[in-house]
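Chain lettering (A, B, C, D and E) follows the sequence in which the chains are written, and residue indices restart at 1 in each chain.
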Amino acid sequence: MLRIANLDFSYGDLQVLWDVSLDVKQGEIVTVLGANGAGKSTTLKNVSRLVRPSKGSITFDGHDLCALESHQVVELGVVQVPEGRRIFPEMTVLENLRMGSFLKSTRPDRQRNIERAFTLFPRLAERQKQLGGTLSGGEQQMLAIGRGLMTNPRLMLLDEPSLGLSPLFVRNIFEIIKEINKQGTTILLVEQNVFQSLRISHRAFVLETGRVVLSGTGEELLGNEHVKKAFLGA
Amino acid sequence: KIGVINSMTGPQAPIGENLTNGIKLAEEDLKAKGISVQLVWEDDTGKPQVGLSAMDKLATRDRVAGVVGAYTSAVTNAVAKKAEEYKVPLVNPVASKEEITRQGYKYVFRVSATTGDYASILLDMATTLGKPKTIAILSENTDFGVSGAKSAKAYAEKKGIKVVFEEAYSPGSPDYRSTLVKVKGSNPDIMFMVSYVADAITLMRQSRELQLTPMAFLGAGAGFSTAQFASEKNISNSVFSSTQWTPDVSWKGSKAFGDRYQKRFGKEPTYHAANAYTAMMIMGEVASKAAGDREKVAAGLRAGNWDGLFGPVKFEDFDGYQNQNKHQMLVEQVQDGKYATVWPPALQSGKPIWPFPGWK
Amino acid sequence: MPPRTRTRTRARGLSAFSIVAFIAAVVLLALFPKFVENPYAVHLMVTFFLAVIMGEAWNLIGGYGGQYSVGHAAYFGIGAYTVLVLLQTNGVAPWWGLLPALALALGVAAIVGSITFRLRGPYFVLASIAVAEIFRLVALNWKSATNGAEGILLSGVPPIVIGGTEIVNFSSKVPFYYMGLALAVLTVLVTVWFQGSKLGYYLQAIREDQDAANSLGIPLTFYKNIALMISAFFTAWAGALYGLYVGFIDPQTAVGLDISVQIVLTAIIGGIGTVFGPVVGAAILVALSEALRSNAITDLLVAGGLVSETSSIGIFLKDHLSHAHMLIYGFLVAIVILFMPDGVLGAVNNAARRRRARAAAGGAR
Amino acid sequence: MSETDSPILDIQHVSKQFGGLAANSDVSFSMTEGMILGLIGPNGAGKTTLFNCITGYYPPTKGDVIFKGKRLNGMTPDQVCKLGMVRTWQKVRPLAKLSVIDNVVVGALVRTGSVPEAREIAREQLHVVKLAHKADFLAGGLPIGERKKLEVARVLATKPDLLLLDEVMGGLNPAESEDIIQLILEIKQRGLTQMVIEHDMKAIMRISDRIVVLNSGEKLAEGAPLEIVSNPEVVTAYLGEAHT
Amino acid sequence: MTIFLQSLLSGILIGGAYALIGVGLTIIFGVMRIINFAHGDLVMLGMYASYFLFTLGNVDPFVSIVFVFPLLFLFGAILQKTVINRVLNALPQNQILLTIGIGLILSNTMMLLFTSDYRIISTSYSSGSFRLGEISVSTPLLLSFGITGLVTAILYWFLLKTDTGQAIRATAQDRDAAQLMGVNVKRMSVLATGLGAGLAAVAGALISPTYYIFPQVGQPFTLKAFVIVVLGGMGSVMGATVGGIIIGATESLAGAYISSGLKDLVVYVLFLLILLFKPAGLFGKSRV
């Protein structure tokens, strides 16, 4: 479904991705692991066309994403829930959700999607009129995911959804991700929470300083010595 | 070769254009008389330091026989000092600041009347026609406005008229109502204003709005003696304004000049144009006679007298002035959207309407 | 703008070449009035020196410190007004009047700085404009001291007399030329010193990242204030020189927004944060505005035989170019910003560096 | 400072509130001279905020910070730095248009008014972090690993007594991390005190004398490294369940 | 008391037009983080447009806004696409200088084309007024205030209720996040500049029957717009609206009780005080 091949990327003269290749198949949950600054978010930004690679190709369902603008990528059904949530702080919860269905093609489903978000996250329903910026971290994360779902995505890129969430809620989030996946959305997940994410994913890749160093099924990587050393502490 | 310093760009450009046009007509007329002058145009952008640079260039690079200019008093002041230094004869057409010809300069000549003249002719007329006891003075916060207000105040006091209100506003504001409300509160017999055209119209519009009705509205030239102002019948009717020249005054050639200007440039000339025309004609004639020699030009200017659009012109020393033309001021009044020259009686083309008949 | 990596920076201070070139230029400039007596040329040079002084002074706080003040007209006005008011109304000789003028500029800068330096980014820019406008309005309305809108017209600058003999007579431009030159050289030297001093390092650190600078032990407001004071000091000095030279000041020409913008333009067009950027900027701007104003372009075309003076094109150019100089000026500003974001000197340096890099790459092969 | 175990830094009941969010609440612990204290906790636990409160970026909402016997309340970061406590930034902040050595010179100037002297100090520190060969490069162009080293060199140049390092290993590969670990240990050898935020448990375990765990702004646990990894609360909140 | 009420009323009415100018500036700033020093020149263009519509096409200035708005909207959009877009990520001082350059180009082009003559629109109501007890109310000002209110209301509705309006706000709040929702942020920037220019022009058209027009008329409006926008909080539409009215009233009252020459001084001092004690402006934290 999504194929990234031989991607190089630099911020100015600082190269952060080196020959990165990975792929996601329809219906999968795929996780990308890696330390701080390994280039995970950067990879996702490349897919969403927030930045432009210097080399390599990204295709989605046969469409060459490198020829498109950000908003056109969203129109194809690829949505990103970015790192740090990026809620619109001066808009209410409801307005944030409505922004999610900005695309003409998704507007007819707006009401249905809002209800879906409220069923997934009852908390949001309670706080419809609250400004996004005043929500707690966990609530913002729910809103960000809910907002992403508003676009009827076929592929959802989730950048560290568990970041800053309480351990209890972290477990919750992974259940929800599984649920979303079951409802038919393919998921590319970037996580620091190695155990939980590997446990729900079909396959995973490990990035280290901008290079893919390992890949395999979730189970395989959970048992991998290198992963244990690098991410799970002694 | 004659230099011209004028404000062709910048905030002063609208009036500067009148000078430019007047000078262009003079250039044609000189040619018709067989005097061919080469004009070197310099833009001072309304800034004294730029005027200085222009004067330097004219005096030393272009080696002109004389200079006509500049428009604003500030620039003229600076330029005059240089002219004196270089001994380049300078004929100033319109700058009205009194000091310019009071510094003992030998090479600076002024055609124009001075600021004080604007107020005195108006107040002379007012005291003859009515018996005003109080006056409100409103002026813009510029060199021209402030010095105009100053001399008006001095002259009013001399005439025994009490100044009940005096304020200088920053020009260009869309709202003078708060000031005018205060004027109204002081209930003056006559109101004296120094403004450029845009503010003149705004002030009168808002006076009408607030139903301000003194015995007379007096404007010190500038904005109050422009065709544009006159054409705003609603608000300009019966407003008096002092000026140095009007097209309908019975001076030789005035009418013809006005028509010709109108035809050529599509608008009515202001006194600036007439002054500039006169200054250039004088300079052209003298310079050609002197064959471009600066000393001879200066001598010629000092000695000669001319009869122009202006009545007689002669550069004399009096009352502390040097080389200053004693220029007869006029008062015009807007009557039915047109200016009529109403003062002094000897030169009038219409009778003054006094007092202010009220707003329609 | 991508950060330039792998590019070595030059060692601190000036290269031997620029030192030699600088000294040669100063010597030539010092001899200039001996050979060229044309006052017009001298006048242009004085204008150029004034622009250099102000550009260099602004560069200290704006270029090195990254605090884009668009309100330096305030200090210019303080210098001009103090000296001229003291001279005209109290008869204080200008070289004495200069002392309170400079002291006042320092004091005002310290106060203004401690108020506005708490603001960052666009807020600081707007506050600096507001401060300058306040000073302009004060000059306009404080009639008893400044003579308001009528301005101050100097009746003359008294000669310097020591022991009964006249040392300097200010009736010609030449003394102003040398004062301008001396002060311009001084500001360049101060900039050289500044760049290599603790103060210079600290301001550049503040420009790059205020919080990081603060964490390294730099009290932000204190150092910004010091730099602003030096900057204000020289700007006021330039203002005083200007006032004496032109002999006339009024609120618009001595404290107007135009002056602030002009100062910033000089520095940015040349290239900010460099020693010679403002010099280059001053040269370009003075030459350009004079050429445009006096229609030198048309004259050149005519002289070169490209356009006949009496042809319709010649007449059109003569009629319109003189009106268009501010327009051309505007276009130039836009072009420099769009295509030379580092200023002219920056663009030249970048090009040179690229050429060197290419040469080095070629040599290595 | 003769007694080695008198606290060099004492944090007493520090709380920091951002609107409704308590980024730190009632955090207390102290450090003795020469020790390395590891500060860990999940993302958003308030570690960086605590650094900000200690070094004067934010005034704490409540509580006191006492450094070398002085209360720091109301002090600005530059004053704190002059007293001898300095921090690095989680998101590195090089002075991009200055050369590498000039970045360090800026740090050194806090202790000397003389630029040549500061350059000497700077050169030494660049040697310490093994960046001397890049001295004349523009700081903005360095790769992430070297930027982090530069960050350390720059704070070392201020001759601090206490160093606060915020994720200086974050984003580094194991080899680079190892360099930094060695550097931290070397700095410790010289008698400097350090507080280190790090997510890399392996590294933290190796260098820390003591560890403080923050969670949702509160201190969850404090103790020797081995105590911490076996603390069940810490395991569930931070290390993950599978660890037990 | 009459003086007070009269000044307050005319100040508030004038403030309506100021508010529109400020709103335009604040939208441009909000979406692109660029301070537009050419904003007053956009007002000037609006004035000229309405002048020519009036003299050549006999279109009433208040009616002309239906033409002036789209015209200047287009102009702003083109300006954004061709020039401003290139400096979105440039250093702030370069952005400022670029807009100063644009301002010079605009005013001097107008001067070259139409000379620097003052132009005045005289309608039957230019100096019309009616009385409310002791106070006189200017008809054109009241009309323009009403239209301003209407325009602001439409703008609010547009920004709050329509999807495009929300997208503009979203772009202002977080450019990247907006892109991730499928918003074409380049289009939104173009839209915002167009909107800002259009609103400035409408303000120009509304002032034109009671004011005058010449190429340099814009500069004071630029400075005024800065004050208004900072007062209200940069990027806040609500703030700019209230800020405009406050500035109008302050000027007017300062003119009445201090001196008309000093009213600008009062405004700038107020501006500095607000910056110092409430750097985010009166409505810095509010919505929109």
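Keep in mind that, in the parts below, a residue touches a chain if its C-beta (ideal position, glycine included) is under 8 Å from a C-beta of that chain, and two chains touch if they have at least 3 such contacts.
It should be emphasised that the depicted structure is a prediction, and the values quoted were computed from it without experimental measurement.
Chain centres here are C-alpha means, and the one lying farthest from subunit E is D.
Using the average of C-alpha coordinates as each chain's centre, B ends up farthest from subunit A. More contacting C-beta pairs link the chains of C-E than the other of the two pairs A-E and C-E.
With centres set at the average Cα position, the gap from subunit C to subunit E is 32 Å. Separation between the centroids of subunit C and subunit D, computed from CA atoms only, is 44 Å.
For the pair subunit B and subunit C, the distance between mean C-alpha positions equals 36 Å. Each chain gets a centre from the mean of its Cα atoms; for subunit A and subunit C, those two points are 52 Å apart. Residue positions 3-6, 140-141, 323, 326 of subunit C each touch two or more of the other chains.
Across the assembly, subunit A contributes residues 12-14 that each touch 2 or more other chains.
Shown for subunit E are the residues that touch two or more other chains, namely 108, 111, 259, 261, 264. Partner subunit D is touched in their complex by these residues of subunit C: 3-9, 11-12, 196-198, 201-202, 204-205, 207-209, 211-220, 273.
Interface residues of subunit D, counted against subunit C in their complex, comprise 55, 57, 76-79, 81-82, 86-87, 89, 93-99, 102, 105-107, 109-110, 113-115, 118, 136-138, 140-142, 154-155, 158. Within the complex formed with subunit E, the subunit C residues making contact are 1, 62, 68, 70, 115, 118-119, 121-123, 125-127, 129-131, 133-134, 137-138, 140-141, 257, 261, 264-265, 268, 272, 320, 323-324, 326-327, 329-334, 337-338, 341.
Within the complex formed with subunit C, the subunit B residues making contact are 8-10, 41-43, 45, 47-50, 52-54, 56-57, 59-61, 74, 77-78, 81, 85-86, 97, 99, 103, 141-143, 145-147, 168, 170. On the side of subunit A, the complex with subunit E involves touching residues 48-50, 69-71, 74-75, 79-82, 86-91, 95, 98-100, 102-103, 107, 131, 147-148, 151.
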